[in-house]
Amino acid sequence: MFVNLLVSGLANGAVYALVALGLVVVYKATAVVNFAHGEGFMLAGLLAYSLYVLAGLPYGLALPAAVAGACLLGMLTERLAFRPLIRASVVSLVLATTGLSFVLKGIARQVWGGRGSDLAFPPVVAFQPLQIGELILTGQSLVVMGGAVATMLLFLLFFRYTLLGKMMRATAENQRAAALVGIRVERISTITWGVGVALGGVAAVLAAPLTLLYPDMGGPLLIRAFAAALLGGMGSLAGAVLGGLCLGVAENLAGGYVDTSVTEVAPFFLIILVLLLRPQGFLGRPEVVKV
Amino acid sequence: MGGLARPLTLLPVLLALAVLAPAVLNPYLRFVVTLFFIYAVVALGLNLLLGYAGQFAFANAAFFGWGAYATSLLQLRLDLPFVLALPLGALLTAGVGALVGLPALRLRGLYLAIVTLAFGEVTYWAMIHWAGLTGGASGLKAPAPDFTALGIPQGLGMYYLCLAMAVLLYAAAWGIVHSRVGRAFVAVRDFEVAAQALSVNLTRAKTAAFVLSAFYAGVAGGLHSATLRFVAPESFDLFQMVLQFAMVVVGGLGSVLGSALGAALVLGLRESLRAAVATQEILFGGLLIVCIVFLPRGLVSLLRWPGSPWIERLHWEPRRRGREVATWPLSP
Amino acid sequence: MATLALERVSVSFGGLRALTGVDLTVAPAEIRGLIGPNGAGKSTLLNVISGLTVPQEGRVRLGGDDVTGLSPDRIAALGVARTFQGAALFPTMTVLENVMMGRHRHTRTGLLGAAVFSRRMREEERDAREKAEAALAFVNMLEFRDRLGGELSYGQQRSVEIARALALEPRLLLLDEPAAGLSPPRVAALDQLLQRVRDEKGISVLVVEHVLRLVMEISDSVTVLNSGQKIAEGRPKDVCADPAVITAYLGTRRRHA
């Protein structure tokens, strides 16, 4: 049982890791957390459902389109709820993105139906579960883990080696200096939000067949992304991934050995513990605040 | 001082209206106005914490719930009368507020928001899963004080009880924000280090703000359960928090009157539309964004023409993002 | 007894020594100048005195009482007021409310008292307002009492900040670069103000300055820091002539020029 819990925990954790990665990318660039980040995940999942199940588009077309939708949503968020408040307090920004999360939830409820009618996404791969000893691997969990790893690698390469990635890093590092060397920081900021929410979108389309889709699914995901990001130190991309995997496994083990309802609250307790005991996370570095 | 005296010309009129209103209100409208008194109190508590002391917490909906459940359970389980259960429930909630305030001593801005969000969700989860105590997702039938023994109809009794509590708690808040305690709140919000250098004890000021907002939410929660005669978790979820945020932002952060204005507007919209959940989410989420972007000082800032009947020193500076952006979660 | 006595105070930040074994004594009603080149440790020293930085070694004494390691609010409550580099008024409070914050130490009203408009609250408010107005009058800023802190010019904010510190009725006033960014007439007014603080109120003043002129004109004595160490101390005239000061202080200035 332990090995199975561990592996399915890793599959969940890979999803959390992707969502947390998106959250941290935006946080590093703008020092703001998008409280509507979970709704990007939710909308990408529902969009994929509409395109693939309802409109009958091929898988290879429906999923990228859903991710592109999430990307667009991220860029719109930047323009509507971040840009006008760029000089306002953190309080205003969190309130604005919280408001946005409810607007998006309401739209999703309007379009895809209310509580209770959760949508099921059919499995994408149809091969038999693999059995290795007592370990049972379903095709979908392999797809999730493989897809998540591939996405992270792609993102890493993009972030490290492409010009756009380098400009994003430079802007996150020092906005004034980036502007001085001719980077159009406003455009980069828009793209960063797009990329961040799109990462959550990838997680959603990968995880869609493993879970039910419903308008309220964004909130729990946001909390898990917070927990993962905090565990990793909030400012660290590698930390967010590691934090996501740890959270997935911890949650599954708690659910398996203690009680399934504990799965729901595990991330909350994790957040409270991390913030009170080691606010800099595993990989975060303390920054000196000057008076 | 003009700032203290001016609203006093308006207040007697409003008060007289509130006292006489039941004569012309039908039972439904009377119920709505009763709810308004309750929400005006919660919003005021949140405003003291967020608008004045600048502590950004997501815990207020949970405090509201703590007050509602505590007041009901004290009557159901311990057979306490309502007159004891309401203040005890509020004090219990204030105690919880002090505990939730502890992280605020170390965490700032965003991090405090996240940890209190987690607290709110844990509370909500416990309301649903600790069914033996709370009745689970379907909730509890809450007892209410019996006004018929005094010869007053039940609904009318609740109306006057809520009105009296609201008046008392607004007066108390007015005193607090015009005292050294309220000034210390604003000082802590604007510049912690300078506040400390003026002998303000940060621990005490922040804890006081949390205790205060939890107490207000606790009283309001107790009144809410007695007015509805019912308590259920769904009244205290994240959407409730968004409603409360919308109230203080629309009315005006850092303003006593703004809390009541915002509560009236949000509740009025909600009751007059009686819309589906989806529409409400879009409406109030959107209202929150629009107000933050276009009216960051809230409705109360529109009441500032010369000779306006309401002069209140507004302690809110929405366009400033200086010392607060430290990405490091700990206080220096 | 000395108003302030630092005994062999050392501070380091992650291996970087900011202060090394600094002794400093400030007498009652004395204006003490604290000068030194950038990075000499002047601001760190002020932070040690006001409790923002806890020294790894050494003691801080106020009128004989050991206050080492006390929190900044406790130290303020013991009668140490300070100003900050740059303007540090509370921007949404009026000038009067800002200065009334200085009375925090002298008032006791709590949540409950304020909530019921207790007699003590009303008396304390009246008293605080009167004292704050007196402090504003002392710095010639009374006419601005109802303006918002954030609306004032930089120089005006500095004056109000000093009034706020004076309203605390401190025995020791710490000023962090009060003349920085002020026009010459304002610096002259500051000169006079600080002398009146000493002569009329009997308050000890410790002024950190990067610019020499103000310090040399008004200080009773001057302490010079360089690289976290005290290199000279004495009357302004003598310190100016000290070869060690000239090399440390003027030497670095020449390099910058």
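The letters A, B and C name the chains in turn, as written, and every chain counts its residues from 1.
Keep this in mind: contacts are C-beta pairs under 8 Å (C-beta built on N, C-alpha and C of every residue); 3 or more make two chains touch, one makes a residue touch a chain.
This one's a predicted model, so the numbers in the text were calculated from it and none came from an experiment.
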| item | value |
| --- | --- |
| Most remote chain, CA-based centroid, reference being chain C | A |
| Maximum inter-chain contact count - chain pair | A-B |
| Inter-centroid spacing, chain C versus chain B (mean Cα positions, whole Å) | 40 |
| Where chain A and chain C are represented by their mean Cα positions, the distance between them in whole Å | 49 |
| Distance between the centres, which are taken as Cα means, of chain B and chain A, whole angstrom | 32 |
| Multi-chain contact sites of chain A, meaning residues that touch two or more partners | 288, 291 |
| Residues within chain B bordering two or more other chains | 193, 320, 332 |
| Contacts with 2+ other chains: residues of chain C | 52, 84 |
| Chain A residues touching chain B - in the complex, by the definition given at the top | 31-33, 80-81, 84-85, 87-92, 94-96, 98-107, 109-110, 114-115, 219, 223, 226, 230, 234-235, 261, 264-265, 267-269, 271-272, 275-276, 279-280, 286-289, 291 |
| Of all residues in chain C, those that touch chain B in their complex | 50, 52, 71-74, 76-77, 81-82, 84, 88, 90-94, 97, 100-105, 107, 109-111, 113-117, 121, 124-125, 128, 150, 164, 168 |
| Interface residues, chain B side, partner chain C - complex | 171-173, 175-176, 178-184, 186-187, 190-191, 193-202, 208, 211-212, 254, 313-317, 320, 332 |
| Sites on chain B touched by chain A in the complex | 50, 54, 56, 103, 106-107, 109-111, 113-115, 117-119, 121-122, 125, 129, 193, 238-239, 242, 245-246, 249, 276-289, 292-293, 296, 318-321, 324-330, 332 |
